[in-house]
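In order of appearance the chains are A, B, C and D, and numbering begins at 1 in each one.
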Amino acid sequence: EAELERFEALIAADGKVEPRDWMPDGYRRALLRQIAQHAHSEIMGMQPETNWIGRAPTLMRKAILIAKVQDEAGHGLYLYSTAETLGVTREWLLDELHAGRQKYLSFINYPTLTWADVGALAWLTDGAAVVNQVSLCRTSYGPYARALVRVCREESFHHRQGFDILYALSRGTPAQREMLRDAVARWWYPALAMFGLPRDRSTRSDLSLAWRIKRAPNDELRQRFVDICVPQAEILGVELPDPELRWNPERGHYDFTPPDYDELMRVVAGDGPCNRQRMAHRRRAHEEGAWVREAAAAYAAKHPAEPYG
Amino acid sequence: EAELERFEALIAADGKVEPRDWMPDGYRRALLRQIAQHAHSEIMGMQPETNWIGRAPTLMRKAILIAKVQDEAGHGLYLYSTAETLGVTREWLLDELHAGRQKYLSFINYPTLTWADVGALAWLTDGAAVVNQVSLCRTSYGPYARALVRVCREESFHHRQGFDILYALSRGTPAQREMLRDAVARWWYPALAMFGLPRDRSTRSDLSLAWRIKRAPNDELRQRFVDICVPQAEILGVELPDPELRWNPERGHYDFTPPDYDELMRVVAGDGPCNRQRMAHRRRAHEEGAWVREAAAAYAAKHPAEPYG
Amino acid sequence: EPGLPGYVLGLGDDALVAAQRVAEWCARAPQLEEDVALANIALDLLGQARALLSYAGELEGLGRDEDALAYTRDERDFRNVQLVELPDRDFAVTVAKMLFFGVYQHLLYTALSSSADARLAGIAAKAAKETAYHTDHAVTWTLRLGDGTAESHRRMQAAVDEVWPFTHELFEPFPPVPGTVDPAGLRGAWLEPVERVLREATLRRPEDGWAPTGGRRGTHTEAFGHLLAELQYVHRAHPGARW
Amino acid sequence: EPGLPGYVLGLGDDALVAAQRVAEWCARAPQLEEDVALANIALDLLGQARALLSYAGELEGLGRDEDALAYTRDERDFRNVQLVELPDRDFAVTVAKMLFFGVYQHLLYTALSSSADARLAGIAAKAAKETAYHTDHAVTWTLRLGDGTAESHRRMQAAVDEVWPFTHELFEPFPPVPGTVDPAGLRGAWLEPVERVLREATLRRPEDGWAPTGGRRGTHTEAFGHLLAELQYVHRAHPGARW
């Protein structure tokens, strides 16, 4: 009981929980779910992008896209290590992912159909991730907060590069401008849905807020994101697919139609357009790589690292 | 001995040897080698062509190419059946092919690099095959002679379709005409080499001629082919890659530089540009299809065919 | 794009994409008889595609012939169902696609062969005969694989499970247009033989549930863009050339 | 195409095609560390390709930039060696290619970093550092796979045997051009570390024999056309567009 009091005092004082500190089971579980979902999203999120590496229309765009995917693999590594501070292994986390017991962000289950999707995906979903993660940088768990500082910096770079892809399209041929319009129309709602369920449908959210794992409610972050996107969409000359979207001077915010949360729940549950494809791809890569990982382990066992010096 | 005399009399009278007839071991072996090589060439020869089915530049060309490949698979079936009349099984023949103990025509070991190769391959190598097979239609083994009549008719159709592809290119853009020139330059000698070694380097050939398995010497057929091609090349406006090629009024034939027979021997021995690729592809298809063939056999064993009537 | 042109275009795109996939088996089928059979099916499908796309181009009236439609449209302009574009990683997947799609095509073409639109009726009458053969072929293989070895049963069941969700899109209603047949009315007639064959092949008929869709409105799977890159590359690399 | 432009173009094409192949591993590497490492190597190679192709375009003087060279040339105009275009069916093949090609590139770039041609020397000096890392990485994996499990040994040996014949083309003589280094002189220096690593990895060094060639003159393997279709499709589908 003394431990719980100390823990709650630390949270209340906006202090950081560290791996060696005592923490309530519920806190550990909520945190692990959050970090695991974040890590899984980084590695699953590579798939819709790698779909376009081979076909990127200029070498510079190809390089930027490969660098982005590399960053995501790096974030994945970093976040799996962060999760490991909670006493689990990366192997276990991957098993949970492959078995479908842990989740990743739902937008990853939509397909990238044209080159413009690469831009829209980065502009909107990385943009949403930045809004989310900037807030999460003040999370109460120290290792996660520190990981997020680095992740955030790179995500915000990706977000800008996505905008840049779209900007080039917006100044391009009619086919390119149509590609832009179409992609933004398809990615707008998957991005809005990234902030999760609204207050009245989300029970976990309150607890995460109380423990300061999360620092802002879903709806507040979603509004912040919409307010950021609208002027950017104007620069792109692209219409966001929401006839209700307009400035509300009283609220000082844009009004908008919320995402279809039933669709979000269906996609999270596994019935998005690409869930099966993404999971099959991920499992196949893992299974086909098994002999390589076994070889590395066998080699390491035969050849213990030379002592330093 | 009486049997050998009867056999030789039959051959001398231009009669047909049938499966139930007695035949010398050497005859059977030479025949089997010939028919097996022919059958293997049909199925291996599909590979350089299927390489372009997916990319054929019009739907009509795609359809013609698929039909050609289908014909070749059909010829393969037909010729394996013909070989089976000599007391072997298709399974054994395929094993011999996969083990590299039986050969297929060497031109198949060159790559198809552009769409024009599809035309050049058909015009030249099917053209050469027709010259060869028209002569073989009078072969002394009855089942093979009858198979060849049908094969020949289709090959000659393929030959004309190849010419038609090239004719379209010859009337096309500069890039298409360059594609035509390049493809003909690369396929001319592999086609000439299809007639095999010249008299002074080919020992088997004499025996096959004596037994009337083959009906004309390699050099005679090669000359016939050159004489047919030159005027066709003129219609295409394409130069054949041989500066020595010219009409010889005394011989009543075109003079030409023969193929590099050392290269032919190297390619037959396994060191052509694509031997390894072709064999690996063939073996992979066979291995990956094993479970399907096993399933068909298991099903057939469980469900013996209903009796007729 | 409702109306007859869109209807015919959708059927033409189905056949074109199915042909492109089936033809990928050429020279790598499990046995030589199957090289012949699959090439034959690919040819039939391609023939249907050519007839339908030519007709769609005429109906559209923009001067696009079969090749303009096949080779110069972008991914979002293709109207085929997603089922036909699924990659054929395994022969069992090919068989499952061929069964589900073949029975569907056969029912639809049979119905269309008495269409008031004479041109469409003619194309459909020929195609109905072809798809009867495709269906027979697929049934034979479904039985062999489903009721063959333990390994083939496992693969065939996995293929049926994988492809089944994509069959729902086949029966999406099409706005009524004179001369067309609304596929929405065909599902009952489709289920009957399909379920019978699955049962005879000792295969479990999957639950209905997830029903991916969008192909008829130009939303495809990620595999489709790669298929198009292969299909269109040479044509696109030489704009305006004649072949 | 002898002369400096052809030389630089050949090296640029090598790097471009190698980058395209290595990048195919993104999101499907055997472990996450390898996703990072292979993406990094692909990026280095692509950076080399861009610098070299830009320079080749300037030397050529026809107004073609890196993208014009990468996206609008036809197969027969590419000057890369065949080794880099071989399909990476197996991770062991990737490792073998990376080892053989990495050591070659490292030797060549190191020598070129003191080229009299300042531009080429600059590109090479940066690339020499990068390829040192690529080589280390490939050596590590060659040892792990060669001296790992029985299965990995078998696969790695098969990969070495498969790729080895294509290494001969790396050392084909290049007609003397000021500022260039003739790769023909580098085979001895290449064999030494390669043979040492193979030995340490308990792998058999293949016999020299078959030596396929032609890439530098535009004769490629059949796999290359499919790689180009993927690489160039979008660019070709929108002629003249800016991205």
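In this text, a residue touches a chain if its C-beta (ideal position, glycine included) is under 8 Å from a C-beta of that chain, and two chains touch if they have at least 3 such contacts.
On a predicted model such as this, the values are computed, not experimentally measured, just so you know.
Centre-to-centre separation of chain A and chain C, using mean CA positions: 37 Å. The centroid of the Cα atoms in chain A and the matching centroid in chain B are 58 Å apart. Of all residues in chain D, those that touch two or more other chains are 74, 229-230, 233.
Across the assembly, chain A contributes 55, 175 as residues in contact with two or more other chains. Taken as a graph of touching chains, this assembly fits none of the simple shapes: it is neither a line, a ring, a star nor a complete graph. Under the contact rule defined at the top, the touching pairs of chains are A-C, A-D, B-C, B-D, C-D. Listed in rising order, the residues of chain C touching chain A in the complex are 74-76, 162, 209-210, 212, 214, 219-222, 225, 229. Across the complex, chain A meets chain C through its residues 48, 51, 55, 111-114, 175, 182, 270-271, 273-274, 276-277.
Touching chain D in their complex are the following residues of chain C: 74, 226, 228-230, 232-233, 236-237, 239. Against chain B, the residues of chain C that register as touching in their complex are 16, 20, 23-24, 26-36, 39-40, 42-43, 46-47, 49-50, 53, 66-67, 70-71, 91, 143-145, 147-149, 151-152, 155, 230-231, 233-235, 238, 240-243. On the side of chain B, the complex with chain C involves touching residues 43, 46-47, 49-50, 53-63, 66-67, 69-70, 73-74, 76-77, 80, 90, 115, 165, 168-169, 171-173, 175-176, 281, 284-285, 288-300, 302-303.
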